[in-house]
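One structure is given below, represented as structure tokens, and several questions about it will come after.
Chain IDs A, B, C, D, E and F follow the sequence of writing; residue 1 opens each chain.
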Amino acid sequence: MTLKKSSRAGLFALAFGILMCLFLSVAHDVAYAQAPAAAPAAAPATPPAPPPACASDPDPKKAVLEKCTPNSGDTAWMLTSVALVLMMTIPGLGLFYAGMVRKKNVGDTVMTSFAVTCLVTIIYAVITYSLAFTPGSPFIGGTSRAFLQGILSDISTGIGTPNGLAVTIPESVYLCFQMTFAIITPALIAGAFAERMKFSAMLWFIGLWAILVYAPIAHWVWGSDGFMSNGNSDAWFKVLDFAGGTVVHINAGVAGLMCAICLGKRKDMGPPHNMVLTFIGASLLWVGWFGFNAGSAVTAGMQAGMAMTVTQIATAVAAFSWMLVEWAVRGKPTVIGICSGAVAGLVAITPASGFVGPAGAMAIGVAAGVLCYWGVTGLKRMIGVDDALDCFGVHAVGGIVGALLTGVFAIEQYGGTAGLMEGNPAQMINQVQGIVIVFVYDAIVSLILLKIIDAVIGLRVSDEVEREGLDLALHGEVVQ
Amino acid sequence: MKIVMAVIKPFKLDEVRDALTSIGVQGLTVTEVKGYGRQKGHTEIYRGAEYAVSFLPKIKIEVAVDTKQVDKVIGAITGAAKTGQIGDGKIFVFNLENAVRIRTGETDTAAL
Amino acid sequence: MTLKKSSRAGLFALAFGILMCLFLSVAHDVAYAQAPAAAPAAAPATPPAPPPACASDPDPKKAVLEKCTPNSGDTAWMLTSVALVLMMTIPGLGLFYAGMVRKKNVGDTVMTSFAVTCLVTIIYAVITYSLAFTPGSPFIGGTSRAFLQGILSDISTGIGTPNGLAVTIPESVYLCFQMTFAIITPALIAGAFAERMKFSAMLWFIGLWAILVYAPIAHWVWGSDGFMSNGNSDAWFKVLDFAGGTVVHINAGVAGLMCAICLGKRKDMGPPHNMVLTFIGASLLWVGWFGFNAGSAVTAGMQAGMAMTVTQIATAVAAFSWMLVEWAVRGKPTVIGICSGAVAGLVAITPASGFVGPAGAMAIGVAAGVLCYWGVTGLKRMIGVDDALDCFGVHAVGGIVGALLTGVFAIEQYGGTAGLMEGNPAQMINQVQGIVIVFVYDAIVSLILLKIIDAVIGLRVSDEVEREGLDLALHGEVVQ
Amino acid sequence: MTLKKSSRAGLFALAFGILMCLFLSVAHDVAYAQAPAAAPAAAPATPPAPPPACASDPDPKKAVLEKCTPNSGDTAWMLTSVALVLMMTIPGLGLFYAGMVRKKNVGDTVMTSFAVTCLVTIIYAVITYSLAFTPGSPFIGGTSRAFLQGILSDISTGIGTPNGLAVTIPESVYLCFQMTFAIITPALIAGAFAERMKFSAMLWFIGLWAILVYAPIAHWVWGSDGFMSNGNSDAWFKVLDFAGGTVVHINAGVAGLMCAICLGKRKDMGPPHNMVLTFIGASLLWVGWFGFNAGSAVTAGMQAGMAMTVTQIATAVAAFSWMLVEWAVRGKPTVIGICSGAVAGLVAITPASGFVGPAGAMAIGVAAGVLCYWGVTGLKRMIGVDDALDCFGVHAVGGIVGALLTGVFAIEQYGGTAGLMEGNPAQMINQVQGIVIVFVYDAIVSLILLKIIDAVIGLRVSDEVEREGLDLALHGEVVQ
Amino acid sequence: MKIVMAVIKPFKLDEVRDALTSIGVQGLTVTEVKGYGRQKGHTEIYRGAEYAVSFLPKIKIEVAVDTKQVDKVIGAITGAAKTGQIGDGKIFVFNLENAVRIRTGETDTAAL
Amino acid sequence: MKIVMAVIKPFKLDEVRDALTSIGVQGLTVTEVKGYGRQKGHTEIYRGAEYAVSFLPKIKIEVAVDTKQVDKVIGAITGAAKTGQIGDGKIFVFNLENAVRIRTGETDTAAL
């Protein structure tokens, strides 16, 4: 039966493969073959204004005084995107993870997503937003928006955003949108430390990490004067990261790996207790991701539409690829598998979504599905760390795949930067530099934080608590 | 009186109940259990990992019957629960010293 | 007790009935009595541009070069609608169905929705979109958008949609919106073959059906040159189907019936295992349906608002009617019942949502609630087919009720076409023709596909697998 | 262990407290210190047009003829808000409550939310909308929109809303938006009578309450000629209630208290059966609440953005505060606790969301978290009534906290009215008057309704039904 | 020693436990079971179909007691579990040959 | 033959099963139960209220064995299930009068 199954899967894989090749050849050629002719028209068609991009504002300093004239359509879409991206974390991510833990830890798992949402919201309002998104140095932003000061009065005065990142929506909307990114990033880390980390230690780690790791990295990549920001004319090198492949996913994945290393293996493991919860979670992540990627256009125009299109394609292709590989290798396509594949695709297309076309999306999808499957199997065995729910295997691996392939498939006529396939290998170097720097900085700081917290209050629950289950022991609740 | 306790495959429950009622058994108590035995379990796959699930879902039936009925009951269960494949289950017989119907206080066979 | 209950239900029914009649009389008269006076103003108020409608573009050929000038507000609403409609399928529909199967098949049920979403996305991008929505013949569209070629470059060049269907939003958004319809339609069929179809056979059937059945029918009804398209000035006859009563629901329902016939009855049946899942699913379907119906206005204006209003009314009335009938007939109002009634109402109002007013919506709601209840009871017994989750009884019956009543209650001043109640019986003929043609074509092609797949790999799982449960046997997973 | 835990919680509380103080001092000062300078620019930046606010229309009578010129961006956001707020009730609220009841009543609990949604939709279309939102007397609106008459024809004629509440969106969208508020309010009451009320009695009570209590109160506070309406120049006194703290939450909470009193205690109680459902519900409530609060700006501009910002802050702070208090007092932070805290924060910020800034939001969050925790513990013990899921303790208490603090933190430069902190104690009086009047009217009418229904058909199920569980006894269904 | 096994209505569990502890029983083991007997089940309705549910939820209690306590125990259970309606359940008594407390290795009555 | 019935702490199940198979036991039946005894339960907190949960999750194991194996089996279970803390559980031994393997009809020890 297994045999028959895999052969059947093989059959699919074949059909599927051929399709994909066709797609790549046909669609991709066309995609940029026709483009050049249109070069001049490009700008007017879509002012490429992703969060990083800041064409409208060469000098961030000056921008502080820039007046914001909100466009109601852009604002409507961004308000919606905030709701969509928040939905990704609660309940989306919480359920995605909850379905994969044992029943005795399901409450702690969902509560982690919820508590992280609350904690990071507070910290973000206090300092993270200002450090990440106001002009300062190439390494860290300023404190002009600490405690969100000035936001309200600027509204009254009609003065808008302090930098040129989002000139057609109110700053209040832009900061909410970025807040949801700051929330989901640490929430993703939970996949690595699930089922054994102290709730209190978790809060301390996430809280500090949101200030010391997330804020600076977001500033480097997206800040109007970040040293690797695509939107900074004086950047040392420009990294393409449309919606957060590096800032969000590689970042979370690496921190997760550090958590898994410091915490050590779980005492006992078991299969996911409820794949229906994982299905709901993955579905809401997919739906919400439209706000994440298409929302990163910060306008309701052609770029948002295209970002949505490539997101849908890459996700579907990645989920399907993962399923087929799993089917061929293990003989059975699983719910957890196809859901994981979808998330892998969403992760990988994230940095690319404003820079590539349908063909690039398809290629990224296949790569994400196959390589992330390897990430949670082969690679995971190699590393030998108990990354409980594969935060590293899916988010770091998927994020790296996406960051690199963005450098490969970026289309100048569309996103403003040419990739390898358009004969610009230089961009690949930038992408690699970006990945390495973020990886190293994140790994070091996370490790230090974890060691300190471990020394002070301890990272891990007692064996007894772990055996009894975190729900009952830490929260005094059980699912009946 | 005796208690006949049988461990059977879940999907056979209805057939077994019908077989028993048809021979006049008026009641029985059913428990969802997990069984370990010759019948090997399955593996659950989760991303990288495979989990061997050695316990299989089974149904445990307990029937209190008059001693002279025991063989009929065993026959009925065996007949209905048998698929011929490994894992069909077991029947165990114990001695039952007393039985009481809570509602009426009746005892012994009158309570069944 | 049952008696007391039903009499109580009777009481409700009475109150309710009276209310409805009042509603019909009062509101409906008013609705169109006042209209004529306003005729001239109508056009400016809302350019009636549902997907089919294409007033702005008599000649589809010419349209290929038409420039799209996106309106940010319309685009914002359509981007949102894409998210809403995707949410209908995953997790909405998946959960709606999952709650009604036995626990041993819940994973396979949700995975079907998820896998269909992935598979159809790919196929749609490869060929379905082009075949359905680019000009070609009255029967099938062209291949100019196969592999989505040209989409990207047209964005760069600022050239918009290849046809006049949606001139105020980017084509990329329009294609995503239509994609979500192409996804949910085959996903609905799963209700018929649940709990016994091979996962691999399902993939083959859905994949082929999306090309051979969905694409042509969508083109007939919505294509700019479809032979029954309301938007095609040269159409042989014009069918009113605002958001997909015929293309989506009758289509899915009939295919479902064919599946149920070919597969045969389930070995064992049991009550729904978890009505909470069904409640979540029905709720998300309802919420998402706003994107489905109001989104079909393809603009954020008065037509979208009215479509939303009538959708809400028809759904509430249908759910309540179903509940009352069930209460009266069986003595108990059930969760599954009221949820099914809501879906029935959503289905029936779908084709009408851009053409009728509140009174029409109310009438459609009552009809849908009562007739679909009959569809899953009396009619089902008559047919004697094991349509597991009543795909035919709800979607085909509801779709037909809606298609016919659209022809009855359509109001010229509002949607551009008069219905029977405004003295235009001709439209009824068109509606009937549309239903019959779609029904027959769909039934025949689906049947052929099923027979072929059955011959090649077999449609149905083994008895053992069916008894053990599809989750464990096909996917190696179980809900704990 | 408990000791260690609470001390740890203490630690948090400290850090947290300090943070909050800083926030209050820093941010708040800045917030309004800078404002005055900007006064003139205010208007152009955002025409502050929350449902109550009606600057554009001093005389409601005249407004009947006012033409509505929809703005596509505003309309897009409001269409989205309708979907978001509906999602709050189904599935949001249904799941929030479902997780807290025993497993044997989970079906009845979700069905209550669903049935209320259907019933209120019908009643609202028939009469509630007209009574609440058309001009009439200071106490109740007119019947010009009974059965939604004229809506459709006004669309055809391009004549818009009958009053000046929402001049940039079609009336159809405005009525749908307000409908979702009319739906969730009675649905909230279910928290009080859960697990023991007859389904039929529930329908009668909710149906009558929606007409006799909700409609007039909505008219008083939001009607263009309501006697306490902020938007009515001739109001006797103006109550600030941006999105429904008084109309929705105090209103529901008080009615809930009456239900709990009339129904009496449950026979047996038990812990919540599934906090994962409560987590999903609370999360969707949070996400949907963006439509509730930011949607209440009825425009997609700066006020919507700011409402979203303060909603997010207050909610996070309240959830976190509740968790810390619970942790300190009981030794364990619970899922139910943090979720309840989030809802408390959402409730309290609701009336304030268009009038206060980030600092006010923070203060409101802390107050809501702490006081609502007291509401479900100390206060609940004092009252000694079995308010099953704390409808009064969370919604009435939270609503009152919010209403009062709106009067404290309102900022003139921003929302148009100064609060206590800006030296306008008068507003506090208005707020108190509003609370008292609504409280008393609601309590009396609800009590009368309950007594009548009890006399006629009985409010409460039999002991046997209660013991067996409402799912099986009333609906013939059980969750497996 | 004897094992007293009782099948009772679920909502009676707490009363029965209290009755037992009040007569000095120090421990018991509870299992959720489904019962089939004179008490007829209910029907679940699903759209068109009706499903007869013949098995009703019951609670099984197992108490190991010293032989001379048996009657007291039966009395306590009967008293607490009785509603007088059909379906109240049964009490069965078996002989218990040995008992061991895992923690201490104590045996016989000392282990209870 | 005897039936050895043990009530143990849930997380000890795998160890106990391994101990039993290592001494040649070929099968066993497992039931999730709730236990009441000296080991005191926990409290669940819900907003204002605290609920005392006096029943603790336990696992019940039933093994039918040949009489001469009983002591080995008791030893194996005790060894594997012991943590030394209160709540480790009990072992009960009954007499088993007959056993049947449904698949083959074999009886007595041959059926085990």
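FYI, contacts are C-beta pairs under 8 Å (C-beta built on N, C-alpha and C of every residue); 3 or more make two chains touch, one makes a residue touch a chain.
No experiment lies behind these values; they were computed from the predicted model shown.
Counting steps between touching chains, the shortest path from chain C to chain F takes 2.
Chains making contact with chain A as well as with chain D: C, F. Centre-to-centre separation of chain B and chain D, using mean CA positions: 54 Å. Centre-to-centre, using mean CA coordinates, chain A is 52 Å away from chain B. For the pair chain B and chain F, the distance between mean C-alpha positions equals 18 Å.
With centres taken as mean Cα positions, chain C sits 33 Å from chain A.
For chain D, the set of residues touching two or more other chains reads 71-74, 76-77, 80, 271-272, 280, 300, 330, 332, 334, 336, 476-477. For chain B, the set of residues that touch two or more other chains comprises 31, 44-46, 94-95. Two chains count as a pair here when they touch; such pairs are A-B, A-C, A-D, A-F, B-C, B-E, B-F, C-D, C-E, D-E, D-F, E-F.
The residues of chain B lying in touch with chain F in their complex are 2, 6-8, 31-38, 54-55, 58, 60, 74, 77-78, 81-95. By the touch rule above, chain A contacts chain C in their complex via residues 5, 8-9, 12, 19, 22-23, 26-27, 30-35, 37-39, 41-42, 44-46, 71-74, 76-77, 80, 84, 103, 271-276, 279-280, 282-284, 286-288, 290-291, 294, 299-302, 304-306, 308-309, 312-313, 315-317, 319-320, 323, 330, 332-336, 338-339, 342, 357-359, 362, 411, 413-414. Those residues of chain F whose C-beta lies close enough to touch chain D in the complex are 44-51, 53. Chain F meets chain B in the complex at residues 3, 17, 26-31, 64, 94-103, 105, 111-112.
Against chain D, the residues of chain A that register as touching in their complex are 70-77, 79-80, 82-83, 86-87, 90-91, 94-95, 98, 106-107, 110-111, 114-115, 117-119, 121-122, 125-126, 146-159, 169-173, 175-176, 179, 199-200, 203, 277, 280, 300, 457, 474-477, 479-480.
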